[in-house]
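Order of writing sets the labels: A, B, C and D. Residues in every chain begin at 1.
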């Protein structure tokens, strides 16, 4: 669905596995041991932060300690454990009007979330049926800057285009030396 | 071979390495340490479960503890160690009529299995000769949702198409919060 | 160079990194920790074994314990540490006539080896200049069955084509349950 | 920008993540645990060393111990921790005239660096906006020989083309047995 008339997006809700990662679950005999996060996504989200409330969600319970380390501890982003099939209800309970939400997801059940939110984005590697239901599909895959590309797209479509030769970082730019 | 006339598939037998993983064996000096499983496959198999008996097989003895952790412990799927060249005999001994089996594999010796079963599926990354013998080749590669795509294909071809905007999960859907 | 007239290949000499692996060196703060080997290559080499002497070479000293574990211990293949720029001399000193050698390599310096051997093969991911000097470039990349594809190519070109529906494994086929 | 008239490049400054690696940050619950470096890049840089001062820079503070192990300890290259947005100032403070610098980077903020240096190179996997600002984009991706390809390109464009059938390695070529 296209953005509903008269509504401005207020929130960017982003799935983790396959969106901020390459989607792989690296297993040892002891279980899920590793995930692979990609470049640029943290930078892209920081560019978007002045305009939207950013909230990261993951449905992966067993791998949540890995996700927490990356997203909550290192990127200092808000993170919650919410399964895909409960996300629309969770938005409503959290006080997010779905029609004010830009949502990015990749999984087999994400089309049902796309159907309810204001604007939906899928990375290039998303499940093939899911991509058909997205308002925008990035050229980049999860773990290869898909979220950064989505952020640049959102800035251009809803706010102020990112100019790579003329941009300003927030005061918190002291963090850039440790940004990844 | 196409599905034999008058026969309904009863079983979905799925290989592990290169089908549910990206095919890589991550080695340390101590041996095979890690495998990379992908997104959506568990979800796809759960959608198929009401229709078919699902059985996972792997020929990888040294990496079997990793496979067991993912497939048996975390996904709660039935799993056996069976080398590719023994799989047709194993089906027969297990009481599975090969012509009632849908089989998904990727390896250099899998064409001989494809030749005996009712319907055969290869992921995009399968060995090039093997793909020529498959009834269906997914667009996705192993570790990138190939099994999920196969499940959606099977649902459409033999049972009831998956509608991403109107589907129901089993009662066991309490598991979705930890589904990956 | 094409195979020299009147000469039959006697040896298949295969590089490791980028040919039997995806070329990546997975580093921790303690150094080179992991390499990613692919599917089918072991199987392909076993099909070729009745026809050619197979010898694996690696120039990677720091990662050699990883390579030894995979190639020597698990695959039971002959393995030596030989830098790319010394490989032609090493062949001669080892009693291998270079013109009787089929050599597979991917690196920036491998073209100079290709120039001296009887027949040369590069995987799809080989350095772009190197591929221009190869007699055959596989469609598959290292770590994605490139060696297996090379083996099937060699069987067809020099010996007896592999028929995936009619092949026999050596007596040692008891190993197939642990083949990877 | 093209190379400024009358200026010869004196320095090759190379970013790490996404340029010398595949860009992925492999995370465990304990944090950034692994990076994946690629083949050929070390070899390519050694070919370029007689012509240019080579300096590697990374903005990744949390992963710096991994980068140090690979770049400083194993490759014996000069390495500094400098965030992307401070790199032009850092060049000036280090006595490097930006117009004498060839710079290779991939990130969302690298276009601003490209704008100030003499010649800029991006790997195939660079952020899509960044590639539009590069003087040269390699066909290879980071972690798949992008730096080696850049080195061969630089040799041809500014110095003496690399001939894979006729090249000489420095006296330090004793290192080739441990080159990776």
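To be clear about the criterion, contacts are C-beta pairs under 8 Å (C-beta built on N, C-alpha and C of every residue); 3 or more make two chains touch, one makes a residue touch a chain.
Just so it is clear, the model here is predicted, and its values are computed rather than measured.
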Distance in touch steps, counted as few as possible, from chain A out to chain C | 2
Chain whose mean Cα position lies farthest from chain C | A
Copy pair chain C, chain D: interface residue numbering same or different (half cut) = different
Chain A and chain D have mean C-alpha positions lying a whole-number Å distance apart equal to 29
Centre distance in Å when chain B and chain D are each reduced to the mean of their C-alpha atoms | 42
Multi-partner residues in chain A (2 or more other chains touched) are 26, 33-34
Should the pattern of chain-chain touching be classed as line, ring, star, complete or other?
-> ring
Contact pairs between chains, per stated definition = A-B, A-D, B-C, C-D
Would you mind writing out the residues of chain C in touch with chain B in their complex?
-> 22, 26, 33-40, 43-44, 47, 65-66, 68-70, 73-74, 139-140, 143-145, 148-149, 152, 162, 164-165, 167, 169, 173, 176-180
Per the touch rule above, chain A residues touching chain B in the complex are 17-18, 23-34, 59-63, 81-86, 106-109, 111-112, 115, 125, 127-130, 133
